[in-house]
Every structure is written in C-alpha cells, then in structure tokens.
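Below: a set of structures, written as structure tokens.
Two complexes, one shared chain (chain A), two partners (chain B, chain C).
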Partner chain A sequence: MAHGLLVKNASGDILIDSDFSHYHFLGKHTHASVTQVPDITGGSTANTGGIGGNSPDQNKGMQNMPAKGEIYIYSIPVNGTNPPLCFIKPTSTGSSAPFAGIVVTKQNGSNWEIRVFQSAVTSDSPVLYCFAPLSQISNSTSSTHGLKTFNSSGVATFDSRFKPLRAPVAGSITAPTLAHTGSVGSSWNVSLGVNASNVSTSFTNQSNANDLIYYCPSIAHACQKYEYEQSDSGFYSFRRFSWHRSDIWWCFYRSSFRIASTSSLEANYGVYARGHFYRHEAAQSSVFGSLLGFLFGGAIFGTIFALISASSFTNVSVDAGDYLPYSNSFRNRSANSFIISKASFYD
Partner chain B sequence: MSYGMEIFDADGDEIFSTTDSTWTLLGVYVTNANTSTNHTGVPVMPTRLVTRTMIDQISGDDEAYVHTFSLSGSTLTTTAPSGSDTIKTVFTVFGK
Partner chain C sequence: MINEINVTAGWEIVNSELNEGLYLITVKAISCQPDFEEALHAQMHTDKVTHSHLNSVQLELFEFDHNPTTAEIQSALDGRGYNPVIPR
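Coming up: the complex of A and B.
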C-alpha cells in the first residue's frame, strides 16, 4: 500500500487494512416468529371395512416418524444489497445441544429475512449477532474516541466505534452424507430418525463454550424415504377378497451445527420437513362373483399419488408421483467455511 | 499486552487489539441461479476464506443446489451443479 494503515498481529495476519472494508457490529436480534414446515400427508382408504385377510390399518398417520425441528424467523434491517453476516448464539452448547444453522437468507424490502433452523424444539431461542460493512450500517454514535480508517477514495473502512468483527476461529466443516444410515423401516414401522455420526472439527481452545457464536450457513441437505406395500387375496366367510396397501414415508433434512465444546464445532442434520402418503383399497364379492383387481405394480407411486392432492409442499417442482424433493440422497455436501466469535465482545 | 495495539472505547472497554484475529472483507460476489460465472479481480491476501450463502430460497424446503467454487489468484470460479435447481449464491471472500 502506498498510504493508509496496515496492522498485522504477531503471526503476520492482517488485522486492519485501510484499503479494504471490515465487518462491524450491526446489532443483536431475537426472532420475530417461529414456525415448522407442516406435515405433508395424504392417503385414501376404500372398501376396507370388514374385509378379510387382515387388511392392515395401522400407522396411516405419522406414527414413528422423527420429530421436526423449529424454524426461527428474523428480520434484519441493513442497507445495501448484500446480506448481513449473522452469527448464531445457540440456545445451549455441548454434546446434548440441538444443532442450528441458517437455512434461508432472503431480501425483504430494506430488511433481510434470516431463518434459523434448530434440530429440536427448545424453550429458549437462538439469538443472532449480525455484522455488515460500514457502508451498510446506518447506526450513529456520538463517541469521539477510537480509530477510524479510510481508503484512497475517502470511504471509511474501519471504525472502532462500531465494534469491528473479532474472529478468534475460522475453518471449514462438512456435513455427514446421509442423515439416516442403515434400515429405514420394517413393515409399517418407520425408522427415519437422524442417526448419522456427528462430524467434528477442532479449533483453538477458547475459554468458554457458552460465549461462542458461529457463522456457518446451512447448505447441505438430504432426503430419505421408506416405502412399503402389502397385498393379499383369498376366501373368507364365503366371500372372495382382495386388498392392497402401499405407503411412502419421507424426511427432508437440513444440515446444522453446534458448539460441542470450547474447541470443537459439530455438524449433523435435523428433520426439516416430513411426509407420508398411502393408498389402501380392497374389494370383496361372493365366492362366485367376479373379483375386482388391484394390481398396482411397480409404478404405484406414479399412478397413485397423482390422484392425491399435492398438499402444501409448495416449493417443490412436483413431478408425476413425486411428493418429496428427491429420495435417498444428499445435496451440497462440500466443505463449508465457518467463523467463530464471542458474544461477550458485543454484549 | 507487552507490544502491539489496543483500541478502547470512551468507557475504557477494549474494542480491538492486535492479539485478536479477524477477517478483512475482500469482496462479495453474487452468482445468479442456474448460471456459472467467473468473478475476476478478487484481491489477494496470504490467507483467504470463502463462505457461501444461498439467497432468496423462498422456504428452503426444496431441492436446491449451491454453486461450487474454486479460488485461484484473482479469479473466483463458480459453477452451477444443476442447470435448473441451483440457487442464487453469495460468495463472501475474506482475507488476512
């Protein structure tokens, strides 16, 4: 640099460079509302009353499905077109803490809507500590103390009066592949709960885990399903019967994170959305009557679910028979950078 | 501290010091949905960090790919994995 201010620490890291912008504290924000994705369910039952052959009626709802997490919605006022940098102050830390991550960042007028997904419902709520460059901060101060730098165009790039971002830790972390490994169910019992091992990343030890805040948007997601069908036909009480039931259960998972200790960040998934569709039909006739067939075959979901209303999964491009984004796979499972700071710097 | 710099506010509370670590903002680069873009002119610092944020996903409950990227020299190469399901992505490049 030909002029200006360049400050380095003992490790040679650049702390302040007046040529470049620095993030400053925009504010601490609590959520405006909290929500969950509604269960997406549908099903039809026809002529199964009194049918022979033990036609199954169990679990036509959401029994055995894993609990969903919560979505906290924040509205962050900030100037300009770039989103604020929002750090999560989690509700708790440690090996039993829920995982949390920013899942939606959307501009809404002059505010940014930030949605934080937390893998479990808690009485407390995550708090956001938000940062932006000085050009996007409209806060004012009457303080005349501190250090302020300008670039060659005369634009302020650092101003200690607005609490510059201090980041003791940064690194990268990758979500597990699938949220659930192993069997996804048996008969009418579903097993889609998150059981993937946590992915842990170590960082330089800090003094107090409960003071740490982290910036690490959720980008990875996974979707897994369990399908089951049964049918039977035969003779019962001088009547011929036939029944067929087919089901699909699914969960959509979002990656999220937690401060596991004073020196580790962990990643895993939480259940963001879930659904269940089924069709159960039967017929019976006298032993001499003709039997109506219910041979659904391999294309059952393409055929059956086209008859079921698309429910409220409003943001999916629903192909014929597809009532989940995708199945038994994952997306965006590449390393994501994170930054860790301390709430006490800004409280 | 025995050497370095400390900055205090008017109340005498430390706001920043050279014992801290932080990240300077080198640039914010936006790649639109379903497109691949090379962003040039990215400033170079000894250590850089790139974060990705998916933008304008309405509810976040659908299949959404985030752009992949590579940063080499002054070029940030961003690639859409899907031509139809890749979300608008903001890349924030930090340096120190």
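Coming up: the complex of A and C.
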C-alpha cells in the first residue's frame, strides 16, 4: 500500500484498511412473508378394493413424517452488485432454541431477497441486521467528526459515523454428516426425523448470549429416504389374488445454526422439504370364473391366471431418482464460515 | 402352471458411497415367507386352499468409518432386527 490507512490491533488483525470496502450498518429488517416448501406427494392405487389376503392400505399420506421448518422471506433495500451481509438475531438462544441459517440470497430489482430457514415453527421470528459497503448505503448524517477513509480512486471505504461492522468473533463450523442415523423405518412406518448430534464450536466468551447476532449461511445439506415394499399372492376365500405395494419417503435437510451459549455456536439440520410416493396395485380372480374358463377351454383359464400373476406387478416400484437430487448422503458440510457480532452495537 | 411370486430372501448392497471418510452403505433386505413343499403347494392349488406368499423389501442405510466386510454388514443388519423369514 503506497498510501492510505491501515489499522491493526495488538494481534495483527486488520481493523481498518482504506483499500477495502468495509461493510456498514444498513438497517434492521423483519420478514415480509413466511413459507414452507410444499410436500411433494403422490400415489396410485389400482384394483385393491376387496382384495384378499392382507393388502396394506395404511400410511399412504404423510403420517409419521417429521415436521418441516419454515422459511422467512426478507426484502432488503440495498441496490447494487454486492449482496448485503445479513446477521440473524435468533428468536431464542440456548439448548432448546431452533436452528436457523440463510438459504437464499438473490437480487430482486432494487432489493435483495434473503431467505432464512428455521428448523422449527415459532411464534416469534428472526430479525436481520444487515450491512453493506458504503457505496450501497444511502444514509446521511449531520455529524462532522469521526474517521473516513478513501481508496486510491477516491471512493469512500470506511466512515465511523455509519456504524461499521464490528466482529468480535469469527470462525468456521461443520455440520453433522447424516441428519438421521440408525433405522429410518419399519414396515409402513417411517422415521426420518433429525436425530444427529449437534456439532458445537467454541468462541471467545461474550457477556450476553441474547445480544449475539450471527452471519452463517447454510451451505450443507443431506437427503435421506426410506423405501419399503411388500407383495403377496396366493389363494384366499376361493379367489386367487396378487398385490404389490411400493413406497418411498424422503426428507431433504438444510444445515442451520444457533447460539448455544455465550461461547458456543451449534450446527445441525432441519427438515427443509419432504415427500412420499407410492404405488399399490392388485388383482384377483374368482375360482368359479376360472372353473368356467376351464370348462370352456384352457385358453381362458390361462388368460385369467396370466392377468393376476405376480409377474404383472414386478414394475410396481417407485424410483428415487425421479424425485431426489441424491439419497442417503450429505454435501458441503465442512468449513462453514461464521461471524458473530452484537445487536447492541446497532440498536 | 402355477405362477406366483418367486423371490429369494437375502440382502444386497444397492449403493455404496465414500463421503468425507464415511462409508455410506445402502442395503436392500428381502424377507419371504418360507416356500411350501412342492407337492403340497401343487395340491393346495388343486384344492383351492387358502395360502399366500408374502415378501417384503426394505432399504437400510449404514455408516462405517471403514470399508465394511460382508460379516460386518450382516451384523449391522442383525442389529436392526432383520429376519429373512416372515413367519406364516
């Protein structure tokens, strides 16, 4: 740096660099709307009415599926090419608090749309503390004292009058591997709720957990499924029967975070989207009809048997590849950067 | 000709993935009701006797910190309560 200002602390960390576009407080924002990803479901049932044997009809909806989290949508007025840096002021902190993380940041006209995913539905909602470079902030002030820096092009890069971002803590955190470990279901009952252990990262102790705000976008995700199918055939009450049912349940999880204490940030997953598809088909034939066919010739008898043979249902299956981006795995879980600041700096 | 489901009980690996040092093994586990003795089964059809051939297929996911052996997967399946035989 041939000219300019560079301020460091005792540890050598750069606090102010006139060549760098520092982020300044843009404002505090509440959500404009809240939504959830609709369940993706479907199924087909054919000829199963009155079928013999034990043809299963239970759990064709979303029974036993874990609850989804909700998505808060914010519209941040900060026109420009640089997205705002948005810190989450969570609805609560501690070991019972929901997890939350930013899942979408996109420019929408002269605003930026931010979507925050929270792992559980709550009556309160998270608040965003947003920051942007000075060039994208339209604040004005009558204050005539402070420190203001410019880069070599004469563009203002730091102005102490506009609440520059202060970050007492920064680090990285890693999400769990799978969201659900162990058995994911039994028979027609699914068990895909998040049961992974929280991953905790320690940081320098702060005075008040409820004052902390964090920037930590959700980049990790996991997708898991449960598949189950049954088939049966044979004779029942003088009828030959055959049925086949095949189901797939799945959940798509996003990583999210919470302030666990004055010195720890925790990561885990929340259910972002979920679905259930099934196919259930059956056929049966009266023995008397078969006998009638037999009396009139084996061809009819044979045809009836062919119609209800088990081989008719070998394609009664649901292909996970039609619905899931991937299954029974996870992506992007490590080295998720985070910054922690304090709401009281800006309230 | 009797044409009913002919499924063999057992298990097979349907997907194996190594992700960040973790082996993610998805296993397809098949359970069946035991076969009837052939002559008895033919007689049941002749006499239209009520009987059935129930089969189930379940996918299970296991995590290992190493590439598992067949015995280790079998042991993991046993731990989940897998039984290849569905009692009549």
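Just so we're on the same page, the second predicted complex is superposed on the first by the 310 of 347 C-alpha atoms of A that agree within 3 Å, B and C clash if a C-alpha of one lies under 4 Å from a C-alpha of the other, contacts with A are read in each partner's own complex, and residues count from 1 in each chain.
Here is the rule we use: contacts are C-beta pairs under 8 Å (C-beta built on N, C-alpha and C of every residue); 3 or more make two chains touch, one makes a residue touch a chain.
What you are looking at is a predicted structure, and each value in this text was computed from that prediction instead of being measured.
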Chain B and chain C placed together on chain A: clash or fit? fit
For this session: Identify the partner contact of A:Pro38: answer first if only chain B is touched, second if only chain C is, both if each is, neither if none is.
Result: neither
Of chain B and chain C, the partner touching more residues of chain A is B
Partner chain(s) touched by A:Tyr215 [first = chain B, second = chain C, both, neither]: first
Report task. Based on the superposed arrangement, let me know which partner A:Ser143 touches: chain B (first), chain C (second), both, or neither? Result -> first
Query: For A:Thr177, is the partner it touches chain B (first), chain C (second), both, or none of the two (neither)?
result: second
Query - First, second, both or neither for A:Phe238, with chain B first and chain C second - result: second
Exercise for review: Classify the contacts of A:Gly94 with the two partner chains as first (chain B alone), second (chain C alone), both, or neither.
Suggested key: neither
Partner chain in contact with A:Glu229 - chain B first, chain C second, else both or neither:
second
Tell me the contact category for A:Ser334 with respect to chain B and chain C: first, second, both or neither. both
Q.
Output check: A:Gly61 vs chain B and chain C. Expected answer is one of first, second, both, neither. What do you get?
A. neither
Once both structures are superposed, the least CA distance from chain B to chain C in Å comes to 13
Footprint intersection on chain A (chain B / chain C) at 334
Touching chain A in the complex, chain B uses residues 4-5, 7-10, 15-16, 18-26, 28, 43, 45-47, 49-66, 68, 90, 92, 94-96
In the complex, the residues of chain A that touch chain C are 53-54, 177-178, 181, 183-185, 187, 224-238, 242, 287, 305-306, 309-311, 327-330, 333-334
Listed in rising order, chain A residues that touch chain B in their complex are 7-17, 20-23, 37, 82-83, 85, 102-107, 115, 117, 133, 143-147, 160-161, 163-170, 215-217, 219, 221, 223, 252, 254, 272-273, 313-317, 325-326, 331-332, 334, 336-339
Per the touch rule above, chain C residues touching chain A in the complex are 1, 3-7, 15, 17, 19-20, 22, 24, 26, 44-45, 48-61, 63, 80
